[in-house]
Structures are given as C-alpha cells and as structure tokens.
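Next, two complexes with subunit A in common: one pairs it with subunit B, the other with subunit C.
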Partner chain A sequence: MIKPAPTEYRFTVPRNLGAVFGRLRTPGPILWILPAALCVTLIFGYSIVDLVQQSFKYRGDWVGFENFSLVLTDPLFRIAIFHNFLLLFTVPILAVMSFICAVLLFETRKGMKFYRSAVFLPYILPIPVIGVVFGQLLQLNGALNSALRAMGFDSLALDWLGDPKQALWTMSGIIIWKEVGFGTILILARLISLPLETLEAARIDGAGFFRLHFQVTLPQLRPVILFYVINEAIVMVSWVFNYVYVMTNGQGGPGNATVVSELYIYRSAFQNKAPELAATSALLLLLATSVFIIGFFRIQRNINKGVFDE
Partner chain B sequence: MNKKSTPLELAGVTARQLILILITAMAIVPGYLMITGSLKTQEEFLNSPWSLPMNPNFQGYSAAWNDQFPTWFRNSLLVTVSAVLFTIVMAATAAWGFAHWKWRGRDTVLGLLISLMVVPPVVLLIPLFTLGAKLGWISTFRMLILVYIGLMLPFSIYLLTNFFRAIPVSLIEAAEIDGASDFRTFRSVVLPLSGPPLITLTIVNLLWAWNELLLALVFLQSDEKKSLMVGITGFQSRYSLSIPTIMAGMTIATLPLFITYIFGQRYFITGLTAGSVKGE
Partner chain C sequence: MKIRGKAFAVGCAAAVLLTSLSFTGASATVGSKKAFPTKPVTLTMWWWGDQEAPGAKLWVDDTVKAYKKKRPNVTIKTVLQTTDGLVPAFAAAAAAKSGPDLQYFWGGIYAQQPGWDGQIAPVSDYIPAAELKHYINASTELSFKGKIWTAPWYVNPSFPVLARTDVLSKYNLEVPMTWKDLLNVCDVLSAEGVPALAGGVKDGWFGGWLYSIIGGQSVSSSKDVVAAVVGTQKFTDAKHADWWTRLQETQEHKCWNSDINSLELYQAQQLWKDGKAAMTVVAGPDAPNFANSVGASKVVVMAMPKWSNGKFAGKMGSTSQTIGITQWSKNKEVAADFLMFSHEKAQLNNWFKRTGSMPADDRFDLNSVKDPVKKALFQSALPGAPYLENFIPAQLDTDAVFTNVQLVLAGTKTGKAAAADMQAVMERLRKTDRNLVKNFTAWSK
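This part shows the complex of A and B:
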C-alpha cells in the first residue's frame, strides 16, 4: 500500500499558469474546512460552555457547587449511573460474539451472503421498532413464553420486562442482540482485507481452526476490535436512552429497575422542570465519558495508518 | 475444502454451520414476528404467534397508515435526507482540507474532533434546547437538522480523512501537473475514487438519523412536526388492542432503511475497510 505524505501547504512556484489561478481561486484548507468547523463549534463548543455555566446557576443566580451536591446525593442518580456501569459488562460479550460470528462467516463459503445479511439485520432495525416488537415478544403471555411453555420449559417462562430482578438483564440481552451485527460486519470487513498469505502459510504449517484464528487472525484484528470495544462502551454509557424509553414508556420501570443516566437527565429537565440539575448531571456524565477519549487518542495515533488498516 | 476431509474436519464444518444457522435464526426471529404479525388478525396472533399467516390480510397496514402516520413519515424523511446530505458535503470538503494540506495545528484540531465522537448527545440536549427556545426554533425542522449535522460531522470527517489520506499521492500530483485546481482535483480525482466510503457513510448516517429518538423527542414537540420514531413510540399504547396494526406500523417504519441497505450492501463492506486502497 502506498502511504502518501500529505502535501505541505506553503507557497511554491507554480508549475504553470493554470496552477496560479488554481491557487488564487482556492486559498488553501481554510475554506474547505470552514462550514464544518462552524457547525461543530456551534453545536459542541457553545453547548459545552453553556452547560458548564448552567450547572453552576439556579434560576440565573450563581450558586457554586450547590447543584453538584444535590445531584450527587440523589439516590436515583447513583442508581442510574450504576445501571450504566452494569451495562458495560455487555461490551466484552459483544466483542467475543462479534469475533466468533465474523470468523464463522469468513470460513463459510456456502450461503455466506445470506448469513451475512441476516446477522446484520438487527443493526438496521430502528431501536423504537425493536423496543415495541420485543415488548410484545417478551410479555408474560407473549410469543417467547408460549414457545418456552410449549417445549416444556415452564420455569424459564419469566416475566422478562415486568420483574425488576431481571428487567435490566433483559434489556442488556436486547442491546447485545442489536449491536452484535455491527461488530460482526466491522471485523469481517477487516478480516476479508487481511493478506491471505499469512493465513495460508499457517494452514500449510498445519494450524487447526482454533489455533489459526486465535494465534494468527486475532492479533491482526486487534485495532478494529479495540475500535469496536470503545465504540460500544460509549454506547452503553451514553446511548441506551432509546431502548429504555420505548420499552418502559419513558419511566425506566418497573420501579427504577432500568433508569439510566440519560433518562435521569431527560426526566430532570423535561418532567421535573429542573434544567439546572439536568445540566449538572449531564456535565458529570461528560466527565465520566471523557475517560474514553484516552482510548480514542490511542486509536488516533494510528490515524496515519488508518484505523481499519493493520 | 478441495482435499479429502477427515471425519473430524467434517464434524467441525457441520458444527460451524449449525452455529451459524442458530445465530441467523435468533437474528431473524423478531423481524419474522413483526412481518407475519402485521398480516394476521388479532385473534390469530394471540393464538399462534409463531405460525405463518394463514390468510394474509392487510387491514393492519390500512389501519396504521392513517391519521398522522403519513405526516410523521414525511417529517422523518425530510429531516433525515437533508441532514445526511449536508453532512456528507460538509464532511467531504472538510476531510479534503485535512488530508490534502499540512498546516500548523492540524493534528490537534483532528484530535479534538475525534474526541468529540465521545460526547454523549444527551449532554448537548439542555444547552441546545435553551438556545432553540431563545431563537423560537423549537418544533422547527431546521433546528433538528442543524443538531443532527453537528452530531454526525465528527465521525464522518474522521472516516473520510482516513480514506482520503490513503489515495496515492501520484494520482493527485498528476492532476495538479495537468493544471487542475484544488476543486477540480477534488471533484475529478478524489470523489470518483471514494464511492465505497461515501456510500458507507451515507448508510451509517441515514440509519442513525432515521432511528434517532431522544433529540427528535425534545426538538419536535408539536403533533404535526413529530418524527416517525417519536410517533411510533406512542403508537403502542394507542393501538394496544390491535397488535397487527402495531406490527404493520413498525414494518412501514423499517422499510426505508431496509431498502437503503439492500441497495448499498454491495459497497458497505468495501467501504468499511476505508483507509486501504488495495484490492479495489
């Protein structure tokens, strides 16, 4: 692969007259980047500055850290954060399952296209749709339980979403069901572009299926798996609102069994009309997620190689 | 398997096939229930949720597609398509600005941009809502479109920058020697090479914007401005007595994504390996 050095931007003696006009008409990178830069600065820059301000105020007056102590002592906030923390345990499961699915698809010739589309199907279904369909499927007398009872597993026919003891785990199961397709496609795409020679060489040396994929394939897939893991960790901490909102009618129930930080923030702002407290908890969430920035910078160090590359 | 397989290998292959079939079945089941359910009567669904619809009827669809449903559908289409279009254009030009020129502070700006991918959308919710209220832009499409563009840009720029950097510099130099302006080079050399990543990005962004709920819930509050995802969230309680109607509504809501994916699938995998030009 050719790794080009980006063109140095400096004034050079143009090679011909056309290039002179070219330079004049396009004054370097600034114009190219400007529209996107303005939009990003407005949406992110403005918001984060305003968020910090709001979290130190109450009805426009400066109150110091009052909001923070209110939020941090709110038991519901702690519960919400704890639930996000629990959801992080789905990330390793997702990584392992995606890797296995990708390898299986890679090794299958017959029907690979069909399997691939099927495995990816959950990823393109809208979360509200998934929420509604699973909501029906998992009811006490829903399709899943009637199938379980028909097969004689009566004791497994649980009240999946109605019982606080397993509601969050049911939710995790649904999230895994949805997210595994993305990981599979991501890893499979990388797997297909790996140089075939190493795999063939290992095969000729007599490496079996497991040795081949754990000792030869896996190390080469590390960057893409790392990318997926960080991506999913961010999803679990900050992008599960949709599941919870749809499946519990915006309540995070039963009881508080599925309240997550996003729902807490949404409810503080729009149901309890306390935007300052919502801003404070949002700021705390932002600080918590900034841990993942470190992970992203590790990936960024590889940017010259390209994330999906080696 | 071109050589003769030992029984052990054969068992291995069979086991892998079985696992794949199991995984596939699990992936398909909810979609199956959704589509077959939409074609049944309420009674049929409750009695035998798993069976195929004996005499398919489309009453669920006509019941779902009335009232505000078409309006929601149009709203979602408008917001999603315009947000994704603007995002792709802005991201492609910005990525070219990052990839083609080396300027002081570039890597810092790029790093900052990448770190924005970590910011949870809910963090922006309250400041942007306050801003929207001040401008009187709550329940306007332009507000939501702007927010979506802002949120989709960091990842889009990142992906395209990665890809543009891997375009062989010889191709670009050749265009420049021929006297092409930067814009001309971008349009006639860079863009034609970037089909797969652009399509991938379009699909990923379409999926994201069409499915987004939290921001649509907050920024489009009036009934006639609701997005489809917000609309169908309330659908469940409204039609709780007619599951086929609910399932029909869900099927319609999924259809645009399904069609997009079918058309883009061919490019999707190649696009995800963006960053390496080899093999294309």
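This part shows the complex of A and C:
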C-alpha cells in the first residue's frame, strides 16, 4: 500500500495569486523568491513592453497595425510558420521514441550506465558541433552517402541538406536524434521512482513485457510524458533557430526550405535591419508560444488533480 | 507684438549663431585641422578580408605596429570577423551604439546602408578630397549627396573565372570564351563525370557572385539596376531577367558539381584545386594564390564567358572593400588619420607584398607588379564593370538572389520563375523599407 503524499507537499497549480498567498503562512518564501522574481520581471517585463512598443512603430513613428499587416502578408513569414508547424510532427515521434528507449534502458540489466550515457550524449553536445558534424556527414558526397553507395544502396544516397524537398525532414531527424536523450532520461527517472510493487504484482498476474509497460507503466508516466510533449512543442515553435542557423549558414536554405520563425526574426533584425518587423514577428511568436504554455499548465493542473484525487 | 518681435529677433540671432558654429565645426574637421590628441587613445577595428585576401591579417598587424610607432599614444585593437557574422555583428553594435571605431564594409550598398541609417560618419568629413580622389571606386560606389561614406581599402576584381588548361586539354577542350563554348565544354565534361565548373551555394554568397558576373553582361550601367530597385524598370525585363535563363542552362547542361547545394563556397573551390573540376570562380584578391597553387602556367584567368553583346560582356567587375568610421566613435579624427596612414606608399606596397592583391589606391605603382597573372587581373579592374550585387538592397540579395540561385541550380525552379520571384521580393521590399526608394534615387544621382 502506498501512502499518499502529505497534503502540504502536494504540487498543484494554483488558480490565482490569492490562492498562493493564502497557502503561505509566513513571508519567508516570498522574501527568498523576491530577488529572482524581480530580476525576471525587470528583464522580461521590460523586453516585452519594448517589443510591443516597437511593433507599433517605424523609425520611432507610430504606424498602428501596419507592421502586423506587413508581417502577416509576407510569404516568407507564412513559410516560416508552416515549417514550425511541420516540425511539431516530430513531437509525437520524440515522445514514443523516448518512452521506448526509457523502457528498454529500465529493463536492461547489464551496461545500463553505458547505454544511458550513450542515449543522453547527443543532448549535451553543443548544437554548433552537431551542425558542423552533420553538415559534413550529410553532404551529397559525404560520409553517409559514401557508405550507402559502398553498400550498393545508391538510390538512398540523397542530397540530405541540399535538396529543398528533403532538407526540413533531415533537419527534423537531427533534432529528434538530439532531443530524444532528454525525453529518455526524464521518463527513465520517473520510471525508476515508480513503486516496484505494482510492476511485480502485474508480472505475478502474468502480464508480459508489452502489456506490463503499456497498461501499467505508461499510465503512471502520463504527467512526465505530457510535460515532455509540451516542452518539445515549445522547442519546435521557438527553439530550433540554432539548428537551422548552424546547418544552413544562417540562410534557411536551400531556397527557403528550412526557414523557421526564429530565423525570420533574426534575419529581420540583424541582416535586413528591420527591427520593427522583427519585433512584430517576435510578438506573434510569443503569443503562439503562450498558447502552449497555458495549455501546459491547464493539462498539468488536470493531471495533478486527477492523480491526487485517485 | 513687441514680444513676438523680440522673440523673432532672438530666434534669428540664435539660428545665425548655430549656423556659424556648425560651419566652423565642419571646416575644423575636414582636413584634420584639429590638433592631434596627445592623451592615450584606443581604437577598435572590426574587419574581414583574410578569407578572400590571405595575408591581410599580417598586413593589419604590420600596419597597426607601424602606426603605433608614428603615434605612440594610439592603440588599435583589431577583431577579425567571420563571413556570416560580419553584417549581423555590426547591426547589433549599431543598435547598441557601441562597438568598433573602424568597421569593415563591402562596397556599394553594404557601405551605403549604414550611412543612410546614421551608423557611420562620412569619411569625407575627415579626409581631404585631394586624398580621397586617389581611393579606387570611392566615387562610383561610396558617394552619396556629395559625401563619401567609407574609405576603400583593397580592390576586388569581381569575379575572375579560373580555367585549368591541363584538365581541359585532357578531354581535347579549349578554354571557353563564349557561352556556347562553355555549354559545349559542360556537355563533354559531364559525360566524363567531371564538372566543368566548381561551386558551392549552401551559404548563399556564390549566388550573388553569379548574379553579378552573368547578369552584368546585359545591363548598360549600374543605374539600370537601381532603376529596377526603385521601380522604373522591372527585374522581369529581359535585361535583368535573361541571366536567370543562362543560369538554368548551366544546370541543364550539368556544368556544376552535383553537390553544389551541399557545399559552401570555399569548400567547392577545393575541387578545382584538386583537379576535379575544370573551372571555378574565386575572389579577385585570392585569384593569384589559386593560380599559383596549381601552377600559374596551367591557369587562364578570365571573365565569365560572354553570352550577350552588352557593354560589360567579357569584362570583370570592380569593387573595393572598405573601412568606415562609426558614428559613435569618440575619436573620428584619429580613425581618419589611421585610414590615411594605411594609404601611404609603404603600407600600399606592404599590402601587395603580404596578400598579392591590389590596394585601392591609384598611387600604387602597377609597374612594380611583375607576375603576369596579377598584372592582368589588376588592369582588368581599372576601370571594371559595375559589380551588380553592390547596387541592390542586401535583403534582395539574400531573399531573392541567394535563394533562387540555390533552387535553379537544384533544378526545382525555372529561370523565369526565379526572375518573377526577384521582382515580387523587390516590390515587397519597397513597402517594408519606406526609405528605400528615396535613398536609392538619391544615390543614383
């Protein structure tokens, strides 16, 4: 029998600030968190206010919604957003792969530390290193294609990053390769902390490998998987700039095949010297990301409510 | 009424005083009439160029040392920038109004735009006209409303095609001088699995080169290009669009290495050095080094084969890479003094010695150049064809030229569609950059 956690330590997302302060009986925690909270509020608060201001101006003059109209009618911005949307399809793949890897690592008896490190290694590699390595590896006459040709698989030797039809999917593959380590470790950590009694009971009752993990383990991992899914969704919408920048020399090419919204913002601000358009598109991206963050908190609240109500 | 009259009189007096003060200030600065500071001064210079003119770093070090001897109170810190980082790093510095005192700029629009944006001070405010008139391409690329934005540093003959006679003769081919000949060479060599031309467009830059050396053959002056920018001509007009069709022909005739889209510009040039391609295009200052690396006797340095009877067909473009003084620099006179020092005879000769390329100063003695490859190259740049890429907005270059060259060479877009896209991007740019038409119009006058 597992004891429920004491009420005062349960993590639940409060509905409003009043609830937070109501729950705190001493001002200590507020004082501790105050410096960091002030820092965050000043840095991000100022930036956001400035961003909003800039998006309604051109060279200091008020232009209303003109910048929004220009950004929203820009075919390149639409392409960039569409690419971010396409990258979201990697999220379920990441979740499934991370779950499978975590379960396999959990079940591995020998060499678990080695395998765990091997899976996690890509996640800790700096993105510029990955960009340079894959940039070389995936050239039309690079190491991968040379190996494929040597094995007689000439038809599989594609121009991975040079063909506009494949470049974004290649990029997705590289992102999956890097990000799956994070998900694996996250899920594995939760898996290890699960009560073994449940799993043993299921085994005694005759549950096989698949039934055990899909019907007993998976439901208990739901909160952490959902956290990972939301986190990766945010990554795909607003955190893939580094990959694209490094692997395409800041171009988003070939053509516009790998342009994403962050690259659009960067190019507007620093290459095209249009800070107002950069601010406008950044504001739009912030709003899109906020949808995910709000969604994340809502889902987490519901999950926590469900878990602790059980 | 009296009060109004008094106020008017005071206003007039103030205006006269301010005007006279500003004139005094201007006359005091030009020609460096102000006493040179004796207190310690530190200048920071962000520069680029060792990539296309190897040896430039040695020259920078030599010149900074020599200047320190001349002006012991002045220290110059130099920072070499990357190709992809040069423009964004300066944009960030300009936004913060803090950074280098001296900044490297490519010619034409790359120097004009920071001037229009108030990020640099015209060097003509600090360097006398009698001195500036010697700086090659200053008046053609860098002047705006009677001022000169930046000081040319070295000349970039843009861009020579290097043909290897040893590779061509292996297949009984001669160096192609016309477009028809070039396509024939492509057909023969591609059948043998050898690329006629080595290139890499992954990083985009080569796209701009191709635009200039192929597209330059059908325009009659840089004003044609500016006219298409401001909207009195179109990039879909034959004189601006035909080069896209020529580019498509090179793709159809398999002129290029098949991995052109997955290689960067400098990586692809290595194929030529290795003898795996018959021709390539290189930066002018680096051409002699390339030729010498495989044996100058085996190399023909030439302009892109002719495809039109245009004024500039068969000619090489000429542009100067430049150094500007930032608006926020507190030591503009010192920065200008350093620029003038870099144009003194000893420094001009040392530039040639260190890099083998041509300093942007007509006082450099061309007779001192003995190498026939270098001499021919330098002469081709005096006076050269306009380097087109420098006369279009930088964003048009990256958003339309770089991208469409990649797609045409990948075989996924036609030349006609690329020209239409270039025109569409230009029309959009005229809306997003509200000062573009005004600035380009003023520049073209």
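We take it that the second predicted complex is superposed on the first by the 268 of 310 C-alpha atoms of A that agree within 3 Å, B and C clash if a C-alpha of one lies under 4 Å from a C-alpha of the other, contacts with A are read in each partner's own complex, and residues count from 1 in each chain.
One rule holds for everything that comes next: a residue touches a chain if its C-beta (ideal position, glycine included) is under 8 Å from a C-beta of that chain, and two chains touch if they have at least 3 such contacts.
Predicted model only: the values in this text are computed from it and were never measured.
> Please indicate which partner A:Leu104 is in contact with in the superposed arrangement: first for subunit B, second for subunit C, both, or neither.
Only subunit B is touched by A:Leu104; subunit C is not.
> Quick one: is A:Leu42 in contact with subunit B, with subunit C, with both, or with neither? Answer first, second, both or neither.
In the superposition, A:Leu42 touches subunit B alone.
> First (subunit B), second (subunit C), both or neither: which does A:Leu70 touch?
Only subunit C is touched by A:Leu70; subunit B is not.
> Tell me which partner A:Lys165 touches in the superposition: subunit B (first), subunit C (second), both or neither.
Once the two structures are laid over each other on A, A:Lys165 reaches subunit C alone.
> Taking the superposition on A as described, I'd like to know which of subunit B and subunit C A:Gly173 touches: first, second, both or neither.
So A:Gly173 meets neither subunit B nor subunit C here.
> Please determine whether it is subunit B or subunit C that touches the greater number of subunit A residues.
Result: the larger residue contact count on subunit A belongs to B.
> Look at A:Gln271 in the shared chain and tell me whether it touches subunit B only, subunit C only, both, or neither; answer first, second, both or neither.
After superposition on chain A, A:Gln271 lies in contact with subunit C alone.
> In the overlay, answer first, second, both or neither for which of subunit B and subunit C A:Glu262 touches.
In the superposition, A:Glu262 contacts subunit B only.
> Under the contact rule defined above, give the subunit A residues that sit at the interface with subunit B and also at the interface with subunit C.
Overlap of subunit B and subunit C footprints on subunit A: residues 142, 249, 266, 269-270, 275.
> With touch defined as at the start, can you tell me which subunit A residues reach subunit C in the complex?
58-59, 70, 74, 76, 138-142, 159-165, 248-251, 253-256, 266-267, 269-275, 277
> Using the touch rule from the top, collect the residues of subunit B that touch subunit A in their complex.
Residues 12, 16-17, 19-20, 23-24, 26-31, 33-34, 37, 49-50, 90-91, 93-94, 96-103, 110-111, 113-131, 146-147, 149-151, 153-154, 157, 161-163, 165-170, 172, 176-184, 207, 210-211, 213-214, 217-218, 229, 232-233, 235-237, 243, 246-247, 250, 253-254, 257-258, 261, 265, 268-270, 272-279 of subunit B touch subunit A in their complex.
> Quick check: in the complex, which residue numbers of subunit C touch subunit A?
Counting only subunit C, the residues touching subunit A are 84, 87-88, 91-92, 95, 113, 117, 201-204, 258-264, 394-395, 398-399, 402-404, 406-407, 410, 412-413, 428, 431-434.
> Using the touch rule from the top, collect the residues of subunit A that touch subunit B in their complex.
1-9, 15-19, 21-22, 25-26, 28-33, 35-37, 39-40, 42-44, 46-48, 50-51, 54, 101, 104-105, 107-108, 110, 114-115, 117-137, 142-143, 146-147, 177, 181, 185-186, 188-190, 192-193, 209, 234, 237-239, 241-242, 245-246, 249, 261-262, 265-266, 269-270, 275, 278-279, 282-283, 285-286, 289-290, 292-293, 296-297, 299-300, 303-309
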